[in-house]
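Multiple structures are listed underneath, in C-alpha cells.
Each of the next two complexes has chain A plus one more chain, namely chain B in the first and chain C in the second.
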Partner chain A sequence: MKTPKKCLIGLVVGLVFTLASCGLEQASAGAPPGEATIGVGSMYEPQNLDNAGGGGQGATEALTGNVYEGLFRLTDEGRVENLLAESHTVSPDGLTYTFRIRDGVTFHSGAPLTPDDVAHSIRRVTAAASTSSRRGTLDMIESIAGSGRDTVVVKLSSRSISFVYNLSQVWIVNDAHEDLSASEDGTGPYRLGTWKRGSSLSLDRFDGYWGRKAANARVVFRYFTDASALNNALLTGAVDVVTGMQSPDALALFDGDPGYRISNGKSTTKLLLAFNNRRAPFDRMLVRRAVSSAIDERKLLDSIWNGYGSMIGSMVPPTDPWYEDLTHVNPYDVELARRQLAEAGYPRGFTFTLDTPTYDPHPTVAAFVKSELAKIGITVEINMVTADEWYTKVYRNHDFTATLQEHVNDRDVRWYGDPGFYWGYDNPQVAREVKRAERAGTVEEQTALLRKVGRRIAEDAASNWLFLYPQIVIGSSGVSGYPVNGLNAQFYVYDIVKR
Partner chain B sequence: MLPYLLRRTLLLAASLLLASAVLFVLLRLLPGDPANALLSVGATPEQIAAVRREIGSDRPLTEQFLSWLGRMAVLDLGTSFVSDLPVGPEISARLVVTVPLTLLAFTVSLLVAVPVGFVAAHRPRSWYGALLNGVSQLGVAVPVFWIGMLLATVFSLHLRWLPAGGFPQDDWADPAGALASLALPVATVALVMSASLIRYVRSAALDVLDSDYLRTARALGCSLPGAMWRHGLRNAAVPVVSVLGLELATTFLGAVVVESVFALPGLGSMLVRAFAQHDYPVIQGVLVVGTLAVLLAGLLADTAQRIIDPRLRDTAGGGRW
Partner chain C sequence: MASAPRERGPGTKRRVRSRTLAAGCALVGAVALTALVSLVWLPYDPADTSGGRLAPPGAAHPLGTDRLGRDLLTQVMIGARIALAAGLGATAVGGVLGVAAGLAGGFATRWLDDAFAVLSDILIAFPVLLLAMLMVAARQASLGPAILAIGLAMSVTVARLTRILVKRVLAQDFITAARTSGTSWPRITVEHVLPNIWPTLLVSLALHLGVAVLAEATLSYLGLGAAPPNASWGRMLREAQTTAFTAPVGVIAPGVLLAVLVVGANLVADGVRDVADPARRRS
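This part shows the complex of A and B:
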C-alpha cells in the first residue's frame, strides 16, 4: 500500500512541475529589434487609469507620455518642449496664452484632436470634483476657449510663469470619451492593451501615431508589493527594467554584476525633518539651526543608501532651475549646535515628540535622529503614525512638534510661501517672493527670486532637509533607452530597445 | 438530512450577518479618515470635505451600515473609495487566482498528509515515525513567507524551472502558464498546511490503530492495510474532516501572504492593499466573501462528517446542531 501511494504522489508532483516548466515564460529574446516586448517592474500600480481622478503615481508612470500626451512634454532632463502644441504666444501683460495645436493628430479611437478636446482636458483638472494634485497650480485660469480649427486661448487672472510647465502635466483626452478610470482615449505612441488589476498593465504600439513610432512593439508593466519579489523578477528575466528602486538592500544583488546596469539618476524626493514652526521650541530659529547642525546627514545617507543619494541644504533639488548648493549653510558641527542651543535658552536641551511614519525609511531615520540629538542634550520621543494618521494629525490639524516626511514633487519650494501649510513657516518676505516669482515676467526673474527663497529658508532652518533620495533604475544590460530621472514619476518607454 | 441542511443554512445566514456587522464596526474604529488616502499634499479643506461627502464617510455609522447591507442584499458590493471602480467585478476577477490556489494547495496537502500521517502513526517510535513527526513540527513553526522565499530562490533563481512570481495577463487562456505561476505558491501553502494536517491524521490514526475493532479484524485474518482500508480509514476520517473546514480558512490566510511574495493578483493582495489605503468597500467586500467561503467550508465539513459517521445522524431523532 505504501509503494503505490508514494508513486502516486511522485507522479502528481512530477506532473505539476513538468507542466509548470513548459509554461515558463521566456521574455521575447528572439524578437527582431522594434518588435520586442519590454517588461517593466514597478511598485506603483495605478489605482485607476485617470490621473485627475485618483489614479495616483502609477497612472502617471504608465500612461503619461506613453498613452496620453500634454500640450508640452517635460523631458527626462527637466526641459519643457512642444508636444501637441505646435507653438504658443503670450500677450505682453502675461495674461493671455494662445496655443496652436499640431495638425493631423488623432486619438486612438480615430477621432481627430480639436481645440475643444484641449479645453475639456484642462477643465477636467481644474474642475471642483478633480482630485488632481495639479489643480492648485492652475487655479489662476479664468477662461478657456477653442477658436477655429487649431487654436486655444486661455485667459489668466494673474500672471503665471510656470503655466506652460504645469500644462505639461495635463493629459489631453478625447472629450467624447466617457469613462477614463478603466479605459483610455489618448494620442500617445501606445494604446492600452490589457490592465489586469493587481498584476500587470500592457501597452501596445499605436500604428496611427502622429510622431515617431515607438522603438518596441509592446511594453508590459508588472506590479509588485514585495521588494524581493520584484528583484526576483529582474533576476529571472521576467522584467527587463525596474523603475524607482526603493530597496537599498537589493542594490547589492546587482552591483558589480555585468548582467545589469544601475543608473543613478536625479530624484526630486526630499526627506524632511519638518519642524512645527508655530510651536515652542521650534518657533525659535536658533533651536532649528542647532538641530540642523547636530545631525550628520552624510552618515545617515551612507547608512541608509550606501553611498547613493545626495545631500541638500534646502528644499530645492538639483533638477529645479533655481537650485544652488546650500549644504554649507547649516554644516554638521556639534560644537556650533551646542552654542546655538545655549544661546536660544536651552543649555540643557529639551524633550520633543517626533511623529514618524511607520513605513521605510522613516523609523530608521528617527532612531538615527534620536541618537544624534542626544549628543546635544535633546531627548527625542519617537511616535509612530500610519500614513493616514499623519494626514489627519500632522497635515490637517497641525497637531505635532516635529515630524519626518518625504516630499516627492519637484518645484515645491513654493510651500514655504504658504503660512497655512502644515509646518507653519510664516515669513512674509518669503511669501512675497514666492508670489512675485509666480507672477514674474521672465524665467530669469522667477529663477532669481526662488533662488533667494531657497537661501532664506536655509538660513532660517525652516525645516531640516536630511537628504535627497537617489533615483535608481536597474536594467538588464541588453536593454537601453529608458529614462533615468523619471521626474514627477514619469517613465517614457517609447525609446526602450532590447538587444 | 434536509431539515438539518435547512437549519444550518439559516444559521449560516445569521452568522454572516453578525460577522458583517462586527467587521463594519471594527473597520470604523481604525484611526484615520479614508478621505486622506485619496488626496495628495496640498488638498484644501473644501476638497477633503467634498471627498468625504462623496464617499459617505461623513454620514452616521448606522446609516452607512444599513445602506451597505441593502446593497449587499442585491449582490452589489459597492464602489472602491480609491479607484472609483466597482468592487464586485474585481473580486470575481481575482477569484480565478485565489480559488485555484486554495483548492490546489488544499488537495495537494491532503494527498501528502493522509499517507504520511498514517505511515507516521504505524510505527510512532521508529526512526521514520520520529522523523516525520519532527518535520511536521518544524513545518508548523516556520512562517509561510519564508518558505515562499526559499522555494523561489531554489526553483526560480537557481534552477530556473518556474517563474518567481506574477500571473499570465490572459489568465487561464494559457493554462500551462497559469499552472506554472501557481506551482510555487501552491507548494508553499501546501507544505505549511500539510505539516499541521499530518499531525491531525497521525493522532487520528493512532487512535484507530489502538482500537479493539481493528485488533478484532486482524484476529479474523485481515491484513493491516486491509483492515485499515475497510474499518480504520472511515473512523479516522471523522476528526480529520472536522478540522479540514478550519484548515481551509488557514489556507486563505496563507494565500494573503503568499500572493504578496509571488506577486499574484488574488484576493489576498487585494486585501493587503485595501487595508493600506483604508478602502472600506474593498476590505468589506473581500472579507465578506472570505467569511462566506469559510462558513460554507464548515457546513460542508459538518455535512460530510454526518455522511461518514452514521452515529451523528441517529442521535436524538434526526440530530441536533
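This part shows the complex of A and C:
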C-alpha cells in the first residue's frame, strides 16, 4: 500500500510533467532546419490585431512584415524596398504616383491581391474613423484608383517626398475581410495561428506565400508584463529571443555566457519630458530652457541604462537622415538655469504637476527630475497615471502641465509642426518648414529643412529630450536571423533559424 | 460543558503567551522606532543622488545606493514611516467604519439586517486588494487615496465580524434583563456590548494591520500607492527588481522590513487574543 508521502511525491511529479508537457509550450529543440518553432519574448502584447484600429506597438511588432505586408518594406537597416509593389513611377509634378503591384500574390484566404485591395487598405488608414498614428502622414492623398488588373494610381494634393516611405507602414489587407481586430487576412509569410490574450500569439508559416518561404515553421510571441519574468523565460528556454531588453542590469545574467548573444542595435525610442506649451509656465521659452538646463541627462541615462543608450538634444535620432548632434544647445548648467528662470520672472521657482505613467522607467525618471529641479527652486508634484489615463487626460484632452512619455517612431519630428498635437507647440515657422520639407523636390532639400526644424525646436526647448533608448536584443546562441534594430517597433521573424 | 482548569504553576502559561505579545510588540516597535527617528534624522537627503549608481554597502552608505545613487538606508527609513502610516491609517478607517456599520447592522430590524448581511456577503467576496485597486484607479494614485481605499475595503470584514459579535451579545440574558429594567440601547451598547466584543475586535484589527501594510506595499509595487519619490517599500521592491542580481540589498532590505512588520502585527494579534480572552487562557 502506498504511504501518503509517496502519494504526495507522485502527485507533485505528475503535476510537474503535466505542466511541462501541456502548460509550458517550450520552443522546439532539435527540429529539422526549416521546421523549428521559434519563441519570441516581448513586453508588448497587441491591444487588438488592427494597427489602424488601436492595435498599438504590439500589433506592429508581431504582424508587420510577418502577417501583413505593405507595398514597400522598411528594412531593419532603415532602407525602403519594393515589396507588394513591383515598381512605381512619379509624375514630374510629384502629384501622381503609379504603382504596379506584384503578380501572383494571394491573401491567406486564397483571394488574389487586386488594385482595389490596395486602394481599400490606404483608405482604411486615411479614413476619418482611423486611429492610426500614420493617418496624418497621408492626409495629402486626393484620390486612389485602380487601373487594370495590376495598377494603382494615387493623386496627391501636394507633393510628399516621404510618401513611399510612409506607405511602407500601411498594411495591405483583403477588402472583403471585415473585422481585422480579431482575425487577419494578409499576404505575409505567416498566417495567424492562435492568440491567447494575456499570454501568447502564434504565427504559422503560410505555404502559399508568393515569395521566399519563412525559414521556420512557427513563431510564438510570448507576452510578459514584468521584465524579470521575460529574462527568466529566456534563461529557461521558454523563448529563444527577446525583442528588447528592459534593464541593463539584467544583462549580467547573459553577458559572457556562450549560450546567449547580445546585440546592441539602433533605436528610435526617445524618452521625453514633454511640456504643455499652451499652459503657463511652460508657454515661456525661457522657462522650458531653464528646466532643460537644470536636468543632468547624462547622469540620468547612466543611472537608468548604465552606459547603454545615448543623449539627444532634439527629437531626431541618429537613424533619421536629418540628425544633428544638438546636445550642446541646452547644456546641463544649473547656474544658467537659475538665471533663465529669474529672467523669465520666476526667481523663486514654481510648482507644477508631472503626469507620470506608472510603468518603468517613468517613476524613477520622475523622481530624478524632481530632485534635479529642486536645485533651481522648482517643486515637482508627481501624479501617477495609468496608460489609459495618460491617453485620455494628456494625449486626447491636453489636460496636463508636463508629462513623461516614450515616442517610438522614427521621422517623427514632424509632430512639432502640428499645433494640435498633445504638447501644443505652436511655432508657425516650424509648421511651415515641416510642410515645406514634405513638399520638397529632393531629399537634400528635405534634409536641410528638417535639420532646421530639429535645431529650432531644440533652441525653443519645445520638449526636453531626456535620452534615446538602446535597443538590446538577446537571443540564444543557437538562434540567428532576427532583427537587431528597433525601427518603428517592427520585428521580422521570417529569417530566424534555430540550429 | 467547559472543562475545569488544569493544575499548573502560577502564571506559567500566561507568561509564555505574553512572550508572543512581547515579540510582536518588539518587531512592530522596532519599525515604529525607525519611522520616528526618520522624522527627526535621516542619513541623507532622500533626493540626494550623489551616491553613485548601485554603490555596494559600505561606511558611507550602510545599505548601498539605488540606480539613481540615492541612499538605501534613508529610503527604508522613510518606507517605515509610510508603511506604518498606511497600516495604522487604513486600520483606523476600516475599524471606525466597520465597527459603526457592524453595530448598526447588529441592532437593525430584521429586513435591514438581512439587507446588511447580503451586502456584506457580496462585498466580502471581493479581495481587499482588488477593491482597493479599483478605488485607487478610479481616483488618483497616491498614498492618501490608497489608505482610504484599503480602509474602506477592510471595513466590510470588520463590519461583518462586529455584527455577528453584537448579535451574539444581544441574545444573552443580561441584555434582556437590562432592557427589562429600562436601560436605553445606547447605554447597553456602551456598558454591555462594546466591553464584550472588543477583545475579538482588537485581534481582528491587529491582523488587519498586517493586511493593510501588505496591501499598501502591493499598490505601491503596482504604481498605485505612494507616488515617487516617496520611498514606499513596495515601490522600492519594484524599482530594485531588475537589479536584484547585481545589487540584492535593494530587494532584501525592504522585503525583510516588510516581513518584520507583518509578522510583528500577526504576533501582536495572537498575543492580544491570548491575553484578552480568559477562556483561551484557561484552556
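Everything below uses one rule, namely that the second predicted complex is superposed on the first by the 452 of 499 C-alpha atoms of A that agree within 3 Å, B and C clash if a C-alpha of one lies under 4 Å from a C-alpha of the other, contacts with A are read in each partner's own complex, and residues count from 1 in each chain.
To be clear about the criterion, a residue touches a chain if its C-beta (ideal position, glycine included) is under 8 Å from a C-beta of that chain, and two chains touch if they have at least 3 such contacts.
What you see is a predicted model; the values in this text were computed from it and never measured.
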Partner chain in contact with A:Ala252 - chain B first, chain C second, else both or neither: second
More chain A residues in contact - chain B or chain C: B
First (chain B), second (chain C), both or neither touched by A:Thr194: first
Chain B versus chain C as contact partner of A:Phe224, first or second or both or neither: first
Which of chain B and chain C A:Gly136 touches, first, second, both or neither: first
Partner chain in contact with A:Asn306 - chain B first, chain C second, else both or neither: second
Contacts of A:Thr351 with chain B and chain C, given as first, second, both or neither: neither
Touching partner for A:Thr236 - first (chain B), second (chain C), both, neither: first
Partner chain in contact with A:Thr386 - chain B first, chain C second, else both or neither: both
On chain A, positions contacted by chain B and by chain C: 226, 228, 386
Residue ranges of chain C in contact with chain A within the complex: 47-49, 53-54, 67-69, 137, 140-142, 222-224, 227-229, 235, 238-239, 241-247
Chain A-touching residues of chain B, taken from the complex the two chains share: 31-34, 36-45, 47-48, 50-51, 82-85, 90, 93-94, 108, 111-112, 115, 119, 149, 152-153, 156-157, 160-171, 174-181, 183, 186, 225, 229, 260-266, 269-270, 272-273, 276, 278
Complex contacts: residues of chain A adjacent to chain B: 1-2, 5-6, 8-9, 12, 16-17, 19-25, 47-48, 53-54, 128-129, 131, 133, 135-136, 181-182, 193-194, 196-200, 202, 220, 222-226, 228-230, 232-233, 235-236, 238, 386-389, 391-392, 395-396, 407, 409, 415
Sites on chain A touched by chain C in the complex: 226-228, 246-247, 249-250, 252-253, 299, 302-304, 306, 356, 358-360, 363-364, 366-368, 370-371, 374, 382-386
